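For reference, the structures are reproduced in the following blocks.
Both complexes shown next keep subunit A, but they swap its partner, so subunit B is in the first and subunit C is in the second.
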Partner chain A sequence: MKKFWQTSAVEKTLATLISIVAGLLFGLIIMLIINPPMAFGGLGAIITAGFLEGGSSMGRVLFNAAPLIITGLAVAFAFKTGLFNIGVSGQLMIGAFCAVYVGVKWNLPPSIHWLVALLAGVVGGAVWAIIPALLKAFRNVHEVVATIMMNYIAMYTSKMLIEATIYDTVRQEAQQVVVGARIPTMGLDQLFGYDKINGGIIIAIIAAIIIYILLEKTTFGFQLKAVGFNRNAARYAGVNDRSNIVYSLIISGALAGLAGAVIYLVSGTGMKLETSYVISPYGFQGIAVALLGMSNPLGTLAAGFFFGYIEAANQELQSWDFKREIIDIISSSIIYFSAFTLFFQKYARKVVAFFSSFNKPKGDKTPPSGGEIKPNDTLSLEGGQENGK
Partner chain B sequence: MSYVIEMLNITKAFPGIIANDNVTLQVKQGEIHALLGENGAGKSTLMSILFGLYQPDEGIIKVRGDVVRIKSPNDANDLQIGMVHQHFKLVENYTVLENIILGREDRKYGFLTKQKAREKILSLAEHYGLHIDLDAKIEDITVGMQQRVEILKMLYRDADILIFDEPTAVLTPQEISELMNNMRNMIKEGKSIILITHKLNEIKSVADRCSVLRKGKYIGTVDVKDTSIEKMAEMMVGRKVSFYIDRDEATPGDVILEVSNINHLNDFTKHNDLKDVSFEVRSGEIVVIAGIEGNGQSQLAGVITGLNNPSSGQIHLNGIDITRKSIRQKTLSGISHIPEDRHKHGLVLDFNLAENLILQTYFTDEFQKYGFFKFKKIHDKSEHLIDNFDIRSAQRGKTLMRSMSGGNQQKAIIARELSRPMDLVVAVQPTRGLDVGAIEYIHKQLIHLRNEKKAILVFSLELDEVFAIADRILVMFEGRIVANLLTKDTNENELGLYMSGSKEA
Partner chain C sequence: MANSKMFFQNLLLRLKTYFTTKRIINFAIVIVAYILLAIFTTDNMYSLLRLTLYSSIPLALVAMGGLYSERSGVVNIALEGIMMFGAFVGILVLHNLQAKNIDGQHILFLALLIGGIAGLAFSLLHAFASITMKSNQTISGTALNMLALALAYFVGRALSSAGTEEITFRDNFRIPSIPLLENIPFFGPILFQRIYFISLFGILLFVVMAIIAYKTKFGLRLRACGENPQAADAAGINVTRIRYIAVLISGFLAGVGGVLLIIPTTTSFKANVYGFGFLALAVLISGQWKPTRVLVFAIFFGLLRSLANGIALVQQDFESIPFLYNIIRALPKDILEMLPYVVTLVVLALTSLKSRAPKAAGEPYDQGKR
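After this line comes the complex of A and B, so read on.
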């Protein structure tokens, strides 16, 4: 474990922090352009979003973070296994419909009703991912194309299904789930003094830990990663590449469905399943979370908390006369800067090397004596490292 | 004596490695100057600097006595420097003529005219004896012919300093001697040639002087006619190298692998690229399949190891039919496979060394319980293999495979494949792109296994390798086995005739 901190993990974390600072500064510049007198107040609102009102602010951060973490995991898991699941949104919408349907229509004891509804969401998301998975594995159809298409199909399908089964014609949205189907608060509401919070954040943390263990500690994860990094080598090693591609997209879809359930299995004051011609934005936010978390399950967890944190600045920002879109601008510029910092790392090393060279005595350079073999060349054959290829 | 090229005190660093460390290269007018070094010694970097692909950090370049800055390949062209790359840069479905003029087209009223170019190329071809059909498409002509196109391309651009990057890697023995003759002709016409290679025989036969690089450092320049091959090898590797490995005559035992009437259909061309291939390999012998690249060797290796499916025919291992078994079943039934392309098939470059060492066996009870890895066992195994097979890496098992040198990557594959229980080893070009020291090591390993009564099947394109290790030689040409010879009964010339299809047993 000690070694872990000495390796590139520290460097990566530092790079991420730099990109966050750069993103915030960029947001400040935008705010300075829009409304100079209020700009620093706005920045302050974003920075203090998580503790301005004590416990309830923290509760809001965690509540915001839960779906971001889970969709981030869905994207990150696919990334780790070599797939770009851009269809998290579609899988999430189908998962959400299944979960809400069970939450509205089924009659179950409250202690298990929410769990069954949650599972229905997981199954719904997984099923929706099967089609692009099979297309990728057996017909080599690129998953980006297939999952984008599935997003649109999911949008219309879920609208149609909601209107046919669980439609609230007065409010023009899906009916409310029964009380027993809501995700329990697990005592968090009292702990933080914030009544909207539920157990979603706990589910998200558990999911992150399970995915981490799956990827890093099991033969199954080893197989999935091998196929993701190098499908040919995995095949050569006797791994069934096709079935592993299917598994990995199904797991990603299941996570997306779980996120859908966590978002919508809430009380009437929370998110409601609307029937509009819009693809859920959560899936795309998941891509941002996964990128910032560098596709590592635990990194994704941290990135989800961070995005939940600045999201919590929403209301406070409005009192400084800024629109909430500022937050999205900051989030997206952070993603850009995180790509930049990897680029800057190279130069950072050069700067370090430059300063450390002052401490050393200057090496003497003798011109080569062409035309003869130097006798003092020691007989060594190091294979050693060959970097930078 | 005037130098046509002088690269003085060139230093070029990449992150983590100094590719050229104070290197000097001086090429005389009208000589063939060989640039010798192992893989990763910095030959390609040095030539890329001369050709304008990289800028040196330090040092100066003089061409014909003038200091120049070569910022791009266009600058190099203007200085009449031309290069034949190891992997040809030709447009497959253009004709020879079109490829030669590409980038230097003549225009009339904005329209392409080829007549003047055709005349110039024909006279060049006549002059240097580089005969070729100008209207053939690249995809229809042999690799040797394609190389001629590359040479004509340089001559058409009036280059008189010619760089050849490993030009013989893809040629038959006959084509190689032809190329050598062409090079000598070009020297007579006043051209100067830099020949990049790690094949010592070629240097001995054609080069005038030879500069040696080792690990980015300049070792020295020698006159070839005064220097022995052994001496040059020692300069290149840094220690004495044995070219011939002592071994006893083979005493083949039972048939281990029996391949009968195998056909294989190519998915793209819809032609059979294996035609009724039959042969057997016995325990305690090394059978080498020789041939020019692309005559069905990859497909045959794939069919035996399971990467490809045959359209007809049978494969028996120890008398059991394994034709239709999965790759994993074949692996478990006792086939070790050193694949042709270590980056494509042999390794997962983003895994670390330890993970790559268990790539074939991660699912066995030795390394997992209920699907969870036993990390201690994996660690022990990798430590054991790293020591036994002398794999060198910065952080032992934790080293990322991508950061290791080619020779050590290959050693990792060899350690993995030769340490599992097996009866048959299928090694496809096991020494491709490796330096003399690593080649020696791999040959010793294979001969050691042969002496332990394993059956060894090697696919090789290098005749030196064929004669160094083979007990029996099969030659493949256009998807068929055209010869089955005992090594002691044949020679390079005869093999060359079989390989080019001019002779059939």
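After this line comes the complex of A and C, so read on.
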């Protein structure tokens, strides 16, 4: 029987933890090179970010985590179908525009206004994903290049749309959404004593659960994953691979649009749509979250909390004289190291084997029966004894 | 006597077989097009074409880097990041040399070389991850893109005195003209007037690398590794070594391309290479992993990209045709800037169905697999 600590999930988690530690060490080295006396303080600030000021720090972690979780889900969902959606940023920008447009221009009762705006964001993101989806399914255009191009097109399109419809010429950014269109705080601001937090985190958690059920418990999810594993085999088994590719990217885009709505449907002091020539960085952070979460919806949820946690170090880092890019350096190097999963997993296996050897009664030399642990080491020892006879 | 007569007859026969009707017509078309271009290209259009060159050469070079990497079997999405890193280091060197009052063409070449070496060093990370560690090449590439951006911002900010991430340099490297060569009709004004030496060097580098990839033993081995690494291995080729070399070459070319992109187009580097690494990937794919087609598409995309800034230049040439003139004037700049990306999508949609990537691209080499 396989013990809990010998399952592949534990190995994967251990491998992820190794890559996180490696990433943090790399960040420390960079900080040591740039500003040696402050480096360890900076690292400390990153590690303790979520607890420095009690409740309000935790509130900040949750607030940061919400968009990261949703964009992470968007990337992870496409990953499951074997598609790499780098275009989450573009879908997010278009979704955000649609949500903010509804939030500024439409007159609806406050109780449903934010829901409608949220839905508009979802639709906007989904529509933007249809183009690369169709190109991939019917014209064999590689989705990585197609979605990158759609990012740039989205950047210019959303700039032109904002300037044509909801532009605040004085502040040179989009107008504020009306109060009823803002995502309600759902009592979280009272709970954590942090006034910026809103219901975004609850939306994110619900989205993660829905995606988990969709992928793991439905036929549709099974078909999507089948196409991801082997497109030809899935087609041979009677799955329509083309329509599944289209659905997968559309759902991924819808999630990206949802993230855009969650980020920008906030009060006047929060984020506002700008009209500069910059592609939203959230999509790329979403890639990081999905990769760290191993494209599993629940893993993505955990990874989103982790990145939200180190993001919260932003303010504290300033006092240690470091700019926020050190966080990006750390998270990108974590992703780089997490690409070594296979390699780390081997070591994680050894660590597990080492610790589980303590639990065994003395003299018991039978190798663990778990298939993943190579019994070679013990076997060769015994073989040697036989030869000696 | 008879001998020489035979010779001439032979020559005549050879010429006759070479100059088939189709060939003659093709030659005629090229010559007529060349003469027409030489006559009707206005000074403003020459300016536009020079602008085109500034983006086409880096695009072609970086796409050539991608060609090396993918032909050897390693997908290199990290091109954007490598370009960013190469440009960052190269421009930093330039900035520091100029701060010490050293100036002249040679420091430009030095910056180019160091940018290339920086790109090579950075691509080592990708090579290590994707060849030695056999990890997912897309993940590693994406991580390196993010890392290069963050590093360029972070280090740029730490080094610049004003606390901005900008690195500035003085651009006095443009040479007015190269004697004799500038008099070649059509090509003279584009390639040999008001140009940078390094741009010409870039063209030379592209040609040399194309020849290496397609006319040498090394090139053949490289392409074999990307098509069927197991067979290549069986034939005695060290797949790991060839792939390492290929990725490092692609890093060098991307680094050089990064410096080549920044110097003519701006005087301050701000951790931005305008998505050229990704565009180069698109050029590579629409060019079907072949040097000549890659060059054609690089020129095409370069032209589209330069339209946004260059349209004002050619505008007055169309004054005599009111219809076109009005259309050009009415086009918003954002639409023009968006154009290259839209056209890329359209071209990809038209060409991708029969697209044939190197067979083993994206797969780590596993000796035990067949």
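Just so we're on the same page, the second predicted complex is superposed on the first by the 338 of 389 C-alpha atoms of A that agree within 3 Å, B and C clash if a C-alpha of one lies under 4 Å from a C-alpha of the other, contacts with A are read in each partner's own complex, and residues count from 1 in each chain.
Throughout what follows, contacts are C-beta pairs under 8 Å (C-beta built on N, C-alpha and C of every residue); 3 or more make two chains touch, one makes a residue touch a chain.
Remember, predicted model here, so these are calculated numbers, not experimental data.
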(request) Using the superposition on chain A described above, determine whether A:332 touches subunit B (first), subunit C (second), both, or neither. (result) second
(message) Taking the superposition on A as described, I'd like to know which of subunit B and subunit C A:229 touches: first, second, both or neither.
(response) first
(message) By the touch definition at the top of the document, which applies to A:218: first (subunit B), second (subunit C), both, or neither?
(response) first
(message) By the touch definition above, which subunit A residues appear in both interfaces, subunit B in one complex and subunit C in the other?
(response) none
(message) Under the definition above, what is the set of subunit A residues touching subunit C in their complex?
(response) 30, 34-35, 84, 86, 131, 135, 139-142, 144-146, 148-150, 152-153, 156-157, 159-160, 284, 287-288, 291, 323, 325-326, 328-329, 331-333, 335-336, 338-343
(request) Using the touch rule from the top, collect the residues of subunit C that touch subunit A in their complex. (result) 77, 125, 129, 133-136, 138-140, 142-144, 146-147, 149-151, 153-155, 157-158, 275, 278, 281-282, 285, 332, 334-335, 337-338, 341-342, 344-345, 348-350, 352-353, 355
(message) Going by the contact rule set out above, which residues of subunit B touch subunit A in the complex?
(response) 9, 14-17, 22-24, 26, 40, 211, 214-215, 218-222, 235, 237-239, 305, 307, 326-328, 331, 337, 339, 344-351, 355, 359-360, 362-363, 367-368, 371-373, 391-394, 398, 402-408, 411, 437-438
(request) State the interface residues of subunit A toward subunit B in the complex, per the touch definition above. (result) 3, 217-220, 222-223, 225-226, 229-230, 232-240, 346, 349, 365, 367-374, 377-389
